[in-house]
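Structures incoming, each one as structure tokens.
Okay, so chain A shows up in both of these, paired with chain B first and chain C after.
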Partner chain A sequence: MKQIVIILFSAILVDNFVLSKFLGICPFLGVSKKLDSAIGMSIAVTFVMVLATATTWPVYYYVLVPNHLTYLNTILFILIIAALVQLVEIILKKYVPSLHRSLGVYLPLITTNCAVLGVTLLNIEETYGFLHAIINATGAGLGFMLAMVLFAGVRSKMENAVITKSFDGIPITLIAASIVSLAFMGFSGIIDGIFG
Partner chain B sequence: MAIALPVIIVTVVGVFCGVLLSVADKYMAVPVDERVSEVRAMLPGANCGACGFAGCDEYAEKLVNEGVKTNLCTPGGAGTAQNISAFLGAEFEDVAAKTAIVCCAGTIQHTQYVMDYQGPQTCEACNYNYQGRGSCSHGCLGFGDCVIVCQYGAMEIVNGIAKVDKSRCTGCGMCAKVCPNALIKIVPASSEVFVACSSTDRGAFTRKVCSAGCIGCKRCEKACNFDAITITDNLASIDPEKCTNCGECVKVCPTKVIRVDQCQPQINVPDAG
Partner chain C sequence: MEQKKSKMSILINGIIKENPVLVLVLGTCPTLAVSTMAVNGLGMGAAATVVLVFSNILIALLKDVIPEKVRIPCYIVVIAGLVTVVQLFVQAYFQSIYEALGIFLPLIVVNCIILGRAEMFANKNSVLNSALDGVGMGLGFTVALTFIGCVREVLGSGSIFGMQIHSIDPMTIFLLAPGGFFIFGCTIALVNRLTKGRGVKRKSFGCEGCPAASSCSQAEKAEGGCEA
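Showing the complex of A and B:
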């Protein structure tokens, strides 16, 4: 139980995918302008991360490992995730139209998101069991949401600030992102302090 | 032959995914109603939300599938409503033409700036940081957020406040949504008399900061023969349902904040075909 809490919180705070590992920067900068689209995108990412881990983990341990083909993991995972996201979209469209309407526009964006591929590969690297891998994926998704929501707040404040012409737009956004990322460095070591 | 197994595995997984997707696409396809896209093409495509739905796409879908009324699109007007009614065989009801009014009369002649504001030149930013640059915090900020958002060129800033060109206004309500002081209101186009003030401050204070503000004296309330005017929070408001545009209130108003704007809005002529 303690192990699960540690994995969950280190994935959210210490090893935050966006702010500490710098994965998934593209949606982080692209979709964080408005709070509701930031939340929609993060829910979709969390959803796909968990599903992707649930499919790739068995493929790795029951297909690749027995045949000594572990080097194939990256290419196979890309294949599986891409097909999985498309399949999920078709299923949602047919059976859960309301969920499809809220997540629909974000799902195709996630197909080739590096954060999703990253979480599946890191689960393998860390040699997590199935349950721990799922917990880690959930934590990574929630951490992504935390970063998106925080940054949407920062950006809404920037809308109403005077910004020098040369910094307007992307440059000031990147600077703000790096400051938020610096702030997250404060969490390093917190897990050892609390649970150690 | 060590290369055979990985090739087979990747091929099998790829083919499996492909087959799965094509099967899913075939058996779980959601039929797209062609009428939706045709109705969508008839709508103006402004995505303004005046109909109460998220955009033209959603309104078109609701029109076809749930039989919502065809007269909700004010920018499209009666012409669009008739076309859609004819296409869907639905009942036609006339569109209640609407128009925007600016409930502020605080031009630079009537009120003063209290600061030399140098920040971002938008109403939203000025209101967010300083509650406006003028002495009245309820008044028009005059940076023209409404001018930018209007797709029909119906708004302009004259003497420091927004002004509606009623001949161009379609009543879509985009300006009312962006105004940080919420002083742009959407009213039926037939109503000509309106209160050009949004200040809920007490009369004495309003008088100090603006010579054209509503001071809540209640003379209009007494003068109205149709109970159309009520004073709430030191501000007169006219109920367009009851108002007959008789002009009694205009005569008695001491600050001339109740005004008549008779310019008729654009008349949407239905297409002949």
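Showing the complex of A and C:
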């Protein structure tokens, strides 16, 4: 139980996917302009991350490992993710059209989101068990959501600021991200402090 | 002569005019993650260049065979296969770089630059031009990564390409995540400054630079597309 809490909280706060592992920077910077789209995107990402881990983990341990094909994991995982995203989109469109309208926009973008492929590969690399892998994926998704929501808030404040011409647009967004990630560094050590 | 000039311009295009990192602002994740040391930037750039050149060649060869509707998954399969080859090669011969790049080596699969060039260039152009475009874009990526890597290495660990510079007090923060965002932001601002604002093509992060933009039909339809 303690292990689960540690994995969850370190994935959300300490090893935040966006702000300390640099995974999923494109959607983090691209979709964080408005709060509701930031939330929509991160729910979709969390959902696909958990689903992708739940699929790739058994495939790796029950198909690739017994057949000594572990070097094929990258190519197989990306195919599984692409198929999953497509499948989720079709299912949502048919059965939950209202959810499809709000989340469907973000689904095609998720296939090429490095955070999703990243979490599946990291779970294998860390040799997590199935449950721990799922927890880690959930934590990664929630961490992504936290970073997105916080950053959306920061950006809405930035909207009205007067910025030097050279820094306007992308550079100032990156520097704001730098400051947000500086704040997240404060969490390092929190796990040892609480559970150590 | 005319022909030759245009070939040259394709090559140069990727390095300067349309530098994927500094002008098009693509591939932000690997740029930020591996640029802690100049050598890592160089290694990542080289690995991505090899994948980019071969994926451009293969996709230019296959462009008439691949059905329009499933082209993106097809590109991903081609790229993923090449990445696996490069990954095994680096693991066998450059163990230290393999460890430094870590998960970002397999993640070349989802690098926007490679998919973007497949979508924007290789499926419309001849094999030779696509190969040249791959070399140019790859070099542009490598140059930008190595430059950012140099700056972060000098400031963060007080060395350059592993050689210690004694007069500099290292500031570890530049090796960590905040320093990465900061230096990348400053580099783009510098490009903006030097080119008087005309250089950087993307004014904000949005759909136009995303390789999935054309396949993501909802992007235009829905108000809250990629860049809501």
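Here are some notes:
FYI, the second predicted complex is superposed on the first by the 196 of 196 C-alpha atoms of A that agree within 3 Å, B and C clash if a C-alpha of one lies under 4 Å from a C-alpha of the other, contacts with A are read in each partner's own complex, and residues count from 1 in each chain.
Simple rule for what comes next: a residue touches a chain if its C-beta (ideal position, glycine included) is under 8 Å from a C-beta of that chain, and two chains touch if they have at least 3 such contacts.
Since this is a predicted model, take the numbers as computed values, not measurements.
By the touch criterion defined above, A:S166 reaches chain C but does not reach chain B. Looking at the shared chain after the overlay, A:K94 reaches chain B, while chain C stays out of its contact range. Look at A:G118: by the touch rule set out above, it reaches chain C but stays clear of chain B. When the two structures are aligned on the shared chain, A:I75 is found in touch with chain B and with chain C. By the touch criterion defined above, A:I194 lies against neither chain B nor chain C after alignment on the C-alpha atoms of chain A.
Shared-chain residue A:L131: touches no atom of chain B or chain C. When the two structures are aligned on the shared chain, A:V63 is found in touch with chain B, with no touch to chain C. Touched residues of chain A were counted for both chain B and chain C, and C has more of them.
Common to the chain B and chain C contact sets on chain A are residues 72, 75, 79, 82. Put simply, chain B touches chain A in their complex at residues 5-6, 9-10, 13-14, 17-18, 20-21, 24-25, 28-30, 118-120, 124-125, 128-129.
On the side of chain C, the complex with chain A involves touching residues 25, 28-30, 32-33, 72-73, 76-77, 80-81, 83-84, 87-88, 103, 106-107, 109-112, 115, 176-182, 184-186, 188-190, 192-193, 197, 200, 202-207, 210-212, 215-216, 218-219, 222, 224-228. On chain A, the positions that touch chain B within their shared complex are 59, 63-64, 67, 69, 72, 75-76, 79-80, 82-83, 86-87, 90-91, 93-95, 97, 159-162. Within the complex, the chain A residues that touch chain C are 19-26, 29-31, 33-34, 36-37, 40, 71-75, 78-79, 82, 101, 104-105, 108-109, 111-114, 117-118, 121-122, 125, 165-175, 177-179, 181-182, 184-185.
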